[in-house]
Structure formats: structure tokens, C-alpha cells
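Consider the two complexes below, in which chain A is the common component and chain B and chain C are the respective partners.
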Partner chain A sequence: MRFTITREKLQEGLSAVTASIPAKTTLPVLANLLVETTERGIRLSGTDLDIAVSTEVIADVDSQGAITIPAKKLAEIARELPSAPVRVSATGEQRVTLECGKTRFRLLGLPKDEFPSFPSVRFSESWRVRSGDLQKLISHTAFAASTEESRPILNGVLWEMRPGHMRMVATNGHRLAKIELPLESVGAPSADLIVPPKALEQIRRLFAAEEDLEIARGDNHLGFRSPFTAVFTRLIEGPYPNYEQVIPRDNERVAVADRNALFQALKRMSIIASDQTHRIRLAFNAGMVKFSVQTPDLGEAQDELSVSYEGDPLEIGFNASYLLEILRYMPTDEVRMTFKAPERAATVEPMGWSDPAKYLCLVMPLRLVD
Partner chain B sequence: MPRIAVLPNTVVDQIAAGEVIERPASIVKELLENALDAGARSVEIDVTDGGRSRIRVADDGTGMPRDDAILALARHATSKIRRTDDLVGVGTFGFRGEALAAIASISAIEIETAAQDGAGTLLRAENGEVRDVGECSRRRGTTVTVTRVFSNTPSRLTFLRSPRSEWRATADALTSIALARRDVRLTATHDGRQTFALAPVSSLRGRVAALWGGAYADGLVAVDDVTGSIHVSGLVERPGDAGTAARRIFLSVNGRTVRDHGIVRAAEAAYRSTLPAGVRPSLLLELTVPGDLVDVNVHPMKAEVRFRDRWMLERAVEAAIRRALGTHESAPALGSRAWSFGGTQNGGVGTVVDTEVLRRADGGFGPLLDTPPGSAAPDSARLPDDAPIPPLVQLRDTYLMFERDDGIVLIDQHSAHERVLFERFLGTLERGEAPSQRLLFPLTLHLGPAEADAFEEHQDLFTALGFEVEGFGGHTLIIRAVPMPHPRFDAERCIRETLDALAGSRFASAAPRHERLAATVACKAAIKAGDALSAAEMRALFSALGATALPAHDVHGRATIVHVPWDEVDRRFGRR
Partner chain C sequence: MVSRILLADADAFYVAIARMVDPDGAGKAPLLIVGGTRESRGVVCSASYETRKFGVRSAMPISRALRLCPDAMCVPVPRGACSRMHREIRAVLDRFSPVVESASIDEWYMDLAGTEALYHNEPLSVTARRIRDAVAEATGLSVSIGGGTSKLVAKLAVERAKPKPGTGATGVHVVEPGQEAEFLATFALADLPLVGPKFQERLARLGMKTVRDVLPYDAATLSRWLGDREGEWLYERVRGIDRSEVESRGDAKSISRDETFAEDIKSDDELHHELLTLVTRAASDLRADGMTARTITVRIRDFDFRTRSASRTLPRGVIADRVIHGVAKGLLAKLRSSRRVPARLLGVALSSLAADPDADQLALFEAAASGEEETARDRALVRAVDKLRERFGAEGIAMGRTRNDE
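Moving on to the complex of A and B:
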């Protein structure tokens, strides 16, 4: 195997792939990148067995071949090389030489055969989604997925494909984020896919917004592909909880508030809130919400904010960090919150979002004890 | 013939002897106490055949002039008190004037005594009757030799156990006195073999080391605390060591060895939540209380005393021990540390005596600062709350390690977190203030009958902890809200395992049920060994542990903190 590549192209390829290399692994070959020659140049691939990323960059190929190279060292080398063409050649199955100007590196790789094969995903039955749409779905929901390991299904983000629309939903059992977009895709099947947020993060990062992605499903894998780059991920199996059932329909108490003012007030309150529960108290009255927080052994704080509020007065407790997080992802200057009772779910939605998307967050209260 | 008659003196003495002199060990104890009351600096004890054949106690005390010696054998003859008033706050071991008379009444006794070096008195008596008074020559002091023990009370004789167990009882009595009177040289031989050879020492730890070995002494935690007029000092076992060796209880009040279940119970209460059920710690405690608070004249052998304000005393004992266990020093150390015998007050090397060093810096027994009784003492040896947190390293996803001036400290993350949560849950249960996160998707739990019973029994406490649980017919529970003690908390697993544990050990623990539940939930809710922690989590755990009352022990009595002194590290590397 022999090829020549510009340092910039090599770095471009590496920056796409190295994020998928696991930091710690028991399988040595996973610390390596697979480098293969293709018709257009070379393909770099990395995987942690859950997610695989591969990208193609343009290069001059002299002779065909494939080898795996320690990813971290290759990235460090590429960063320090002068800006000049890099000649890469492999001798045998394990030795690879990099030359750039007068600089010369020789690295010990591993044979290609040791690298795990990519999941089989039939792109012949693929459907297409605009990358920008997918990014919008991901960035508004992925934060809400659970990071705790007791319920693996909640560690994923539900991606619902339906005729005419698609949805993403994520929850950790205490709060939930849901976004729905009209779908202009072709040939999309109806499907419920539970995708690890880590894979979604790669997808959001790797593909340009205007690209059309080809998406296809294997047995328990999902593949995303653009002309140069592909991401494969394991799907989380199992039924996702029935989230529709917990979204309140009859919350008759409604508050509309300035997102930023609300955010700042909550942030101030959370300084005093307990480290474990972040509990704060909100008291809604006509035209006003009063914040208060009391933490034994620490102290207390109060604040007020004028809001438009309809309904009977209400006192309700929340984990301030959940509210703050939701507000951070709200795309509009004003947000609409609805409530039913101090022990029932509250919702937060954007007010006057020009986007065709429908976005809703839901948060369960904390019990207040007087 | 009149039916009622006044008993002759010999019979009266024998009856009294029944109270005071039960077995040879009582003779040794009484004679030794007499020697100590006579100001002896050195006492030699020689026992043959478990005390049946011969008991000899020789001292270098004040001795007696001839007339006193003859009178000493009479009942209620004593040099120790004169008036009733003297009974209040009596400082000598004896004062009833019964012991010698009682001993003489059931044996043959020979007393050699001299008030000055040179001419002395030799006195022989048998069954309470003086047979012979002569002269002898000896150094200042008294030697009492008792033979033919219980020879005239055959019923007593039949109740004696084997020489070995009689000797064991004698040794126990000697041990108690040896612990109380550390300033005296004590030697004892049994059947010609020397069993005690105790040099005078200045500290209880030194005496313990001489009795049971330096390693044992080194493993004990120093207690030293003043509450009002009560001074509690001594040595107690680390919770982690309790149950691993024979249990030793020693309790002295104003220098007098006594038995008192109330005080022992109070001391054990201080260990609450650090020991597994059924395990009881060794306690060596010395109480100093004003003489008018204690009445020693309630028991013929003076093994029991009566306190005027028992509650205050027990509270002082519990507080003192709890405070001692709250220090870093009560965490076990790795390896053996050097122990220097007969040294200074703070003869120990390593950390065990840190508190002593700190507390005695001002020369007195009082704490460093004047704190009102009952409030927490200044505790410089505690993990400091406000001190900067040292860099922490996680080992095997199980232990946190950091460096101190005097060594390396390892913290077991699960045990530590368990301790933190236990105290927090207990606080929650006592205050009734539990934040509770409602769940979007209620958890459903299917229980076995035993678990369901356990749940029913503790439902109110679960609610107080922040669990909102509904029965759902049969043995199914629906959990609608859960507490959020930490971000990794797995409510379903926690409640399931807690119920499992409660169902499995229904009768195992006598601890109050809210404590038991808090301990169980804390154990199940705490982070596990094998959980990788972020640097922020480690720091949070470290400072939370430092803020607990008993940071060194988890709720099962295991250690949360292990301290490896630099000495030990240096030694292993051959640097010393």
C-alpha cells in the first residue's frame, strides 16, 4: 500500500474519525484506525464497537492496500507535520512509514484482519433525511436522555419515523424533551429507533446541515451516510415507555415568561439550592412568580419575576437544574409553561417559534414539604 | 431454752466471709487492696494450687505496729475511716474492716509486718483465733500468708472449681487492679511460674501493652473528655477490630474497679451504627467524678457503686466515646507500628495518640477551648471541613487515596458514601423533610411475601425518606416519587435490595427501626465499588465524609478510612 496525501486532508480525515476511538479498551486494535485505499483516495475508520465512523478523503494512491495504525500517535504526528504532502507506505502487514519533507516516521500497526468488520446495513433500502433537520431534532432532545444505567432504554433517544413527520423523544424519567418535524423525505419507513446519544452527537458533528443523508437499518444497527462519511451505530433494543400517556393534556394553569429573565432568576436561586436535589419553590400568582429556596445548614433566597399567568395560584417545587437545562434549549425569547397541580407534570414550550417544528419539554415536580 | 440467741463472733465472721470471700480470688483481691491502701509501691503475689493451698501477698507498704496487727484481725477494725462522714467520698479500696477478719475466719493466716525496717511482728491465727504472736525481722511492709483456705467451711470447699479456673478468676481480679493502679509494680506467680511482671507505667496504654501486648494497645483509641465535673478517659476498641479478639471490659470509678451495666451500655450506644449486630467492643474506661456523686458503700465486695446522677454520667460516657470514634485515629492502620514501652505519656508512635497530644497541649485535661457541655468539642483531628481538599486519586474504581503529612490515607468509596447517606437519611427521618422527585414513568415492583411484609412494616419510614409508594393489590408496589440522594441513584434497585435485606434479617438487629432502615437504604443507595468517579464527585464525597459525625466507620462497622503511616511505607522500602 502506498499513497500521498496533503497534510490538511489527512488532518480533516483524522478529526472526523478519532472521536470514535475509545480512550480505554481491552481490544488493542480498537485503539487503531483502519486505513484503506479506495478509488477516490483513502478511507479512515474507527470504532468502539458501539459506534463506527468512517470517512473518505482524497489522496493519490500508488498501490492498493489496508493497514491499521495507532490512532492517537497518527493524530499527534499529523498535527506536528509541516504543511507538505505526506507519503505513506506500508510494508508487510504491520509496518507503516510516513514521510513528509525530510521528516520520517515508522510506526508499528496491526493487520487489517484484526479490525472488526462494520455492521451490515443495507443501504439499498435506505431513506433520505436532510442533515439540518436531523441536527435540529438531536440538539433539542439528546440532552434529556438518562445517563444512569438502571434503565438502559432511557439511555437512548427515541427516533420515530412516521408518514409525514418524524419525532425525537428523550427522557430520564424526571424530565422529557420531544420535538416533531414535518418530514419531506422519500421512502422513509415507519419505524421506532432508539439511538444512543453518543452516536447522534457524532452525526450532528460530522455532517454539514445542507447535506442529504442516506439512512438505512440493519438487524440492530443504523447507518447514516453522506457521499464521503458514514456513521454506524448499535440500536438500543426494547420498547420505549409510552411517553404520550404522560404528556399532560389538561394543564389549565398557564404562565408565559421571558426566557432569559427566568433563566437568570433560577440560576440565582440554585446557588442556595441543595447540591443533591437542587430544589427550589415557585409560587405563581396573577402577574407574578415568586421564587424561594431554603436549604438546611446553608440558608435561603427569594426572587420575583413578573409573568403573565392564568389560573388559580399555585406553589410547586422543581429541581432547578432541570428547568435551567430545558430553558437553555428553548429556541425563543418567551416560553410558555403549563401546570395542573403541585404533584403533576409541568410543560415548557417555546412561544412564537417561526420554525415548523413542534417542541415540548416536560418536567416532573419535586415534593414540597412545609 | 430461748429460741433466739446472739451468734458467737466466729459464726458471724464466717457469715460475713460468705459475702466478702467467695473464692480464693477474693482473698487475693482483698489482700492486694489492703497492700495498696497501705501505700505499697511494689506487691508480690504468690499463689499455689489455684489458691487452695497457699496465698501469699507481700508488700512494701507502711506495715503495722504490733498492737495494730493483733487488732487488724478483729471484725470492723480498720485504719481507713474513723467517722460516718469519712464514708462520703472514701478514697481507699477498703473501709469496712471486714476483709481480714473474714479471711482469718476461714483459714490459717500468718502476718509478718514491720512499720520500720528491722524488728517486726509475726502473728499466726487459725479459724479467726489468734494463736501466736511473736517477733520477726523484715523490711518495712507486710506479708500475709493464707493457708488451708476454707478448711473449716467444707461446703465452700466443695464449690471451688479446678485450680486452673480459680487461678483464672484470680488473674482477672489482678488484671483489674493492675489496670487501675498503674503506678505500682505487680508481680504474681502461680505454682512457681511467673504470670504477671508489671513495671510501674504512667499511662493506661502502657499497662495494657504490658498485659496484652503492644499491638493490642496500639490498636485502641484513646478516650479523653470532660463533661461538667465528669472526666472520662481510657481506651476503647476500634469498631473495625471489635469482635476479632476476646472482649475486655474494665471500668473504674475514681480509681475503684467496678461493674456497671448502665455505663457499659452507654459506651456501646456510642458505637451505634458502626458495629454489626451482636458484636460488642472492648472497653477500658476510667471515670473521675466528684466523690459526692458516687456511693461506694452498696456492695460487700464493692464491685458495684451507686451514682447520684446516672443519666448525666452515661451521657458523658457516650459523648466521650462517640467523640473519640469520630476522629481519624479510630480508623485502622495498616501494618504494625512500633510501640515504645514505658516511655512518656504519649509513648505511642503513629496517629493513635494524636488526640492525646492535642488535648493535653494545655497541660490540663480540659478540651482546648471552653465549650459548653454537650456541644461538639473542637476536633482538630477530624477530617477538616474547610481545609483545602487534597488531590484525590481513585484506585480500582473502589478506593480514594490521598496524602497527609503523616502518611497515605485510603477511603473506601462505598463505605464512605454509605456513612454520608446514613447520616443524611437519619437527619431526614428525624426532621421529616425529604425532597422527593416525582417520576414520569412510575416504577412497578413485584415483591415476595416476606418483602411485602417488610415494606408494610416500614412504609411510613419509606415515605419519610421521600419514596411515594402505593400498594397495587397483591404484592405489587407502584413507586411514584423517589428521593434523589445523588445523581447515580437507582431507586428501583435500592428499594428492592432494601426490602430484601429487611426481609432477610428481621430479628437480627436491636437498633431502632428508623436507624436500621436508614442504614439499609444508605447501603443500597450508596455508590458501589467499581463505580468510576469524576474528580468533582470524589471531592464532594471527601468533604461530605469529613462533615459526618463518624467518618471513619461505615454502618456495618467496617472501616471507611485506612491510614498507612509513612513509617510503614519507609520500612517496606527499607528506608528505616
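Moving on to the complex of A and C:
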């Protein structure tokens, strides 16, 4: 195997792939990148067995071949090389030489046969989605997935493909984010996929907004690809909880508030809120919400904010960090909140979003103890 | 800041309270054993000074105590009154010290560091005496108080403080800062907390029986003889050095409940039945303290006094009877399968405690109960049960299997 590549192209390929290399692994080959020659140049691939990323960059190939190279060292070398063409050649299965100007490195790799093969997915039956649309879905929901191990299904983001729309939902059991985007057609039949947020983060990072992606599933995997780059991820199995059932339909108390002002007030209150529960109290009255927080052994704080509010007065408790997080992802200057009762789910939605997407967040209150 | 630690130890706590609740019976019996009735199979929880002359000691089976002192009156432990008085004494101590740690039902550590100006720089022994008087006035019970710069010194000093007949002690003994080594040098190694019979034997084989015997050796020598941990530990202890801090209530290390049976229990079914009762009580204490537990331990004492235990640590803190009981059941089964003999005592301990941040967080999905995973439904259920118990008492509601249907 022998090829020549510019330092910039090498770095471009590496930056796409190295994020998928596990920091610690018991399987030595996973610390390596697979480098293969192709018709257009070279393909770099890395995986932690949950997620696999592969990308093709342009290079001049003199002779075909494949080898695996320690990913971290290759990235460090690429960073320090002068800006000049890099000649890479492999002798046998395990030795690779990099030359750039007068600099010369020799690295020990591992045979390509040790590198795990990528999951097979049937791209012949694929959905077609614009990367930008997918990014919008991911960035408004992935934050809400659970990070605790007690309920693995909630560690994933539910992605529903339907004729005419697609939808993403994530929740940790206490708060939930849901976004729905109308589409003319996605190509393949309806499906419910539960995807690890880590994989979605790679998708968001790797593909340019205007790219069209082909998405297809294998037995237990999902693949995404554009002409140069492909991402594969394990899917989480199991039925996702029935989220439709918990979305309130009859919340008749409605408040509309300035998102930024609300965010700032909550941030101030959360300074005094308990580190454990983040408990704050909101009291809604005509035209006004009063915030208060009382933490034993620490102190108390109050604040208030003008809002438009319809409905009977309401006192309700929340984990301030859940509200802050939701507000951070709200895309509009004003937000609309609805409530039913102190121990029922509240909703938060953008007000006057010009986007065709429909976005809704839910948050369960904290019981107020007096 | 130098620690100013006091240890208040209630004098003959159980005996005093047994006399307080039954002034005409126990109150008039000089020979008094608290722990159970004459027929019961419990152990001596506490005995009056008069019975101690016959050789009666705490933790001794009541049957044996009665052979030593046949005329003694035996009464069960007045548990309710004991916990009430424990809280009352604690409330007095809280008035004097910012940090109070309940070390057991009848011992409390206090750290008065930083209160010097508050008490007009009076000597610690004077403050201790005022605390002693305040406890007596508020509760009618007498406490002895030991003091010093560490918990170790306070613990040893309180033994010197107890006003036992013939000792001339006055109820307060405070070791001044700088005097620790001299004070320690008056003790035998067996007097030091955590120096048990086995360790004493090891030390005796090296020619060390008293604190004075250890003082000539440096830490390196002791480590060579006893291993690094024990060597360093002993080197510091004989000099009165003990870095453990007085920890206030929120830092309780474990919550445990145990039961010594009136008759040894042979059947697994019956033991499992007892286990459920113990779990119910321990879990309810856990929730009352607003804590969650990650580690569950089951302890069993066989008929021949061999004590065995098994424990498991869960990935996250739990509070629900169902989950704790599920784990405890597995542990008991394991203990029983390795030695299936009659049991005299069964205990459940909950540890790795942490404040429960989700206590009041409502959940979107009420998942069905399954295995060891604690669900929102489990939590809601036990909290509802706790509310019922508040209204109708502990017996008002119980898990189906704790009811004795037979």
C-alpha cells in the first residue's frame, strides 16, 4: 500500500473519525484506525463497537492496500507535520511509514483482518432525509435523554418515521422533549428507531446541513451515509414508553413569558436552590409570576416577572435545572407554558416559531413540601 | 482550630429509663436486668450496678445472667421510652453544641470548636458541667461527660468521669490540650476502642500490654511488626491522636434493625417472615430520615452464637420495602444455604446512605414494578404507606406477608 495525501486532507479525514475511537478499550485494534485505499483516495474508519464512522478523502494512490494505525498517535503526528504532502507506505501487514519533507515516522500497526467489520445495513431500502432537518430534530431533543443506567430504553432518542412527517422524542422520565417535522416523503416505510444520543451527536457534527443523507437499517443497526462519509450505530431495543399518553391535552392555565427574562430569573433562584433537588416555587397570578426558593441551612430568595397569565392562581414546584435546560433549547423569544394542577405535567412551547416544525417540552413538577 | 470534643454518655441508660417508666416495680428493684423477661431468650441490654457485682454484663444471654444472679428482676427494654429520652437528651445537647453526633442510643459526641467566645472562654470542663446539669434538669437523667482534643480521648475520659461508687469521679473528666499522651499512658491497650481480644493477643506476643509498653517504638517498627495500617494506627492512638471528626445527624452511616428470637427459629419460612418485618421497620426509618440506601446487609446469629452476614450494594440508592426485601431475601437464602441451623437472631442493616434527591420529583411514566429496579410507583406507594402509618400507627398497615394469618 502506498499513497500521497496533503496534510490538510489527512487532518480533515482524521477529525471526522477520531471522535469514534474509544478512550479506553480492552480490544487493542479499536485504538487503531482502519486505512484503506479506494478509487478516489483513502477511506479512514474507526469504531468503539457501538458507533462506527468512516470517511473518504482524496489522495494519490500508487498501490492498493489496507492497514490499521494507532489513531491517537496518527492524529498527533498529523497536527505537528509541516504543511507539505505526506507519503504513506505500508510494508507487510504491520509496518507503516509516513514521510513529510525531511520528517519520517515509522509506526507499528495491526493487520486489517483484526479490525471489526461494519454492520451490514440495506441501503437499497433507505430513507432520504436532508441533514439540516435531522440536525434540527437532534438538537431540540437529544438533551432530554436519560443518562442513568436504570432504564436503558430512556438512554435513547425515539425517532419515528411516518408518511408525511418524522418525529423525535427524548425523556428521562421527569421531563420530555418532542419535535415533529412535516416531510413530503422519506422514501421507505414507517419505522420506530431508538438511537443512542452519542450517535446522533456524530451525525449532527459530521454532515453539512445541505447534504442529503441515505438512512437504512440492518438487523439491529442503523446506517447513515452521504457520498463521502458513513456512520453506523447500534439501536436500542425494546418498546419506548407511551409518551402520547402523558402529553396533557386539557391544561387550561396558560402563561406566556419572555424566554430570556424567565431564564435569567430561574438562574438567579437556582443559586439558592438545593444542590440535590434544585427545588424552586413558582406562583402564577394575573399578569405575574413570583419565584421563591427556600433551602434549609442555606437561605432563601425571591424574584418576580411580568407574564401574561390566564387561569386560576397556581403554586407549583419544579426542579429549576429542568426548566433552565428546556428554555435553553426554545427557539423563540417568547415561550408559552401550560398547567393543570400542582402535581400534573406542565408544557413549554415556542411562541410564534416561523419554522414548519412543531416543538413541545413537558416537565413534571416537584412536590412542594411546607 | 483545635477540636474541643465532648462525649456525653447516659449513666445506666436502660436501667434508669426502665425505672422511670415503672417506678413501683423496676423502680424499687436494686437487682435489675433490662433486656427481656425471665423466660425470654434475649440478651442483657443493661444491668444495674448492683447486679454487675455478680458478674452480669451486657450482651450476656439472660439465662446465663440469671444463673449468676438468680434474684434479679428482669424487664423488657422500654424501647419507645428509650428513643424518646434519646431525643430529649439530644435536644438539650443541640442547645450547647453546633455539631452533635448520636454515636449510639446513649452516647453523643459534640464538637465545641469555635464556641470559646460564646462561652466567655470558660474552661471546657465548666461547659461540660453546665451541659450535665441542663440534661439532668430537662430529662431527669444523668449523663457523664468526657472531653479532649479527639474522639478517642473523649471516649476514654468518659470512663474516668462516671461516678461509680469508690472512684471519687464527679461526672465530668476533661483532658486538657497537650496532656493527651500523659493521659493515654495510664491505660492498658485493652481499654482502647477497637483493640479486641485477638489484637490484644498479637500485641501481648510482642510484649505489649499497656500503652506505656508501645510508646518506646517508632511508627516504622510498629508497622514492621503489625503491618502498615495497624502499626500506624496504634502509633497514633497511644499518643491520643485520632483524626475522626464529630459528624452530625445527616451523616448517619447505617440504619439497622434486629431481633433476638424468644426461641431459636429453625424454619426458613419463619425466618423469611421475620425478615419482612425487619425490612419494613428499617426501610420506614430510612425514609423518615429522608435518605436512600445502596447497601443492604443481612446478619444472622446461629444457635451456637456464630454470627454471619451477607451484603449487596446496588447501583443506586433505594427506599422501597419491595426492592429492599427482594435483595434481603436473596441474602438470607444465601446465608441459610451455607449453614442451615437454628437461628437466634436476625438483623437487617441499610448503609451507603445518601440524601434522596428524587423524593418529591413526580414522574411521567408509572412503570410496573419489576425485580430490583425501583420505580416511581414503588416510591409513591411507600410514601403513601408512611402517611397511613403516621395516622394509624406502625401496625395500621403492613405488607401482606407480615400479617400472621395462621
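Quick note on the criterion: the second predicted complex is superposed on the first by the 368 of 370 C-alpha atoms of A that agree within 3 Å, B and C clash if a C-alpha of one lies under 4 Å from a C-alpha of the other, contacts with A are read in each partner's own complex, and residues count from 1 in each chain.
We take it that a contact is a pair of C-beta atoms (placed from the backbone, for glycine too) under 8 Å apart; a residue touches a chain by one contact, two chains touch by 3 or more.
Values in this document were obtained by computation on a predicted structure and should not be read as measured data.
Partners chain B and chain C clash in the overlay (superposition on chain A). Applying the stated contact rule after C-alpha superposition, one finds that A:296 touches chain B and leaves chain C untouched.
After overlaying the two complexes on the shared chain, residue contacts for A:364 are found with chain B and with chain C alike.
Shared-chain residue A:6: touches no atom of chain B or chain C.
By the touch criterion stated above, A:343 is placed in contact with chain B and with chain C alike. The superposed model puts chain C in the path of chain B at one of 24-32, 96-104 or 330-338, which is 330-338.
Across the superposed pair, chain B and chain C both touch chain A at residues 148-150, 171, 173-176, 241, 243, 246, 274, 276-277, 279, 317, 319, 343, 345, 362, 364-367, 369.
Chain A makes touch with chain B in their complex at residues 147-150, 171, 173-176, 241, 243, 246, 274-277, 279, 296, 317, 319, 343, 345, 362, 364-367, 369.
Per the touch definition, chain A reaches chain C in the complex via residues 148-151, 171, 173-176, 241-243, 246, 274, 276-277, 279, 317, 319, 343, 345, 362, 364-369. Interface residues of chain B facing chain A in the complex, by the touch rule stated above, are 431-441, 466, 468, 481, 483-493, 540. Residue ranges of chain C in contact with chain A, taken from their complex: 315-316, 355, 357-365, 367, 373, 376.
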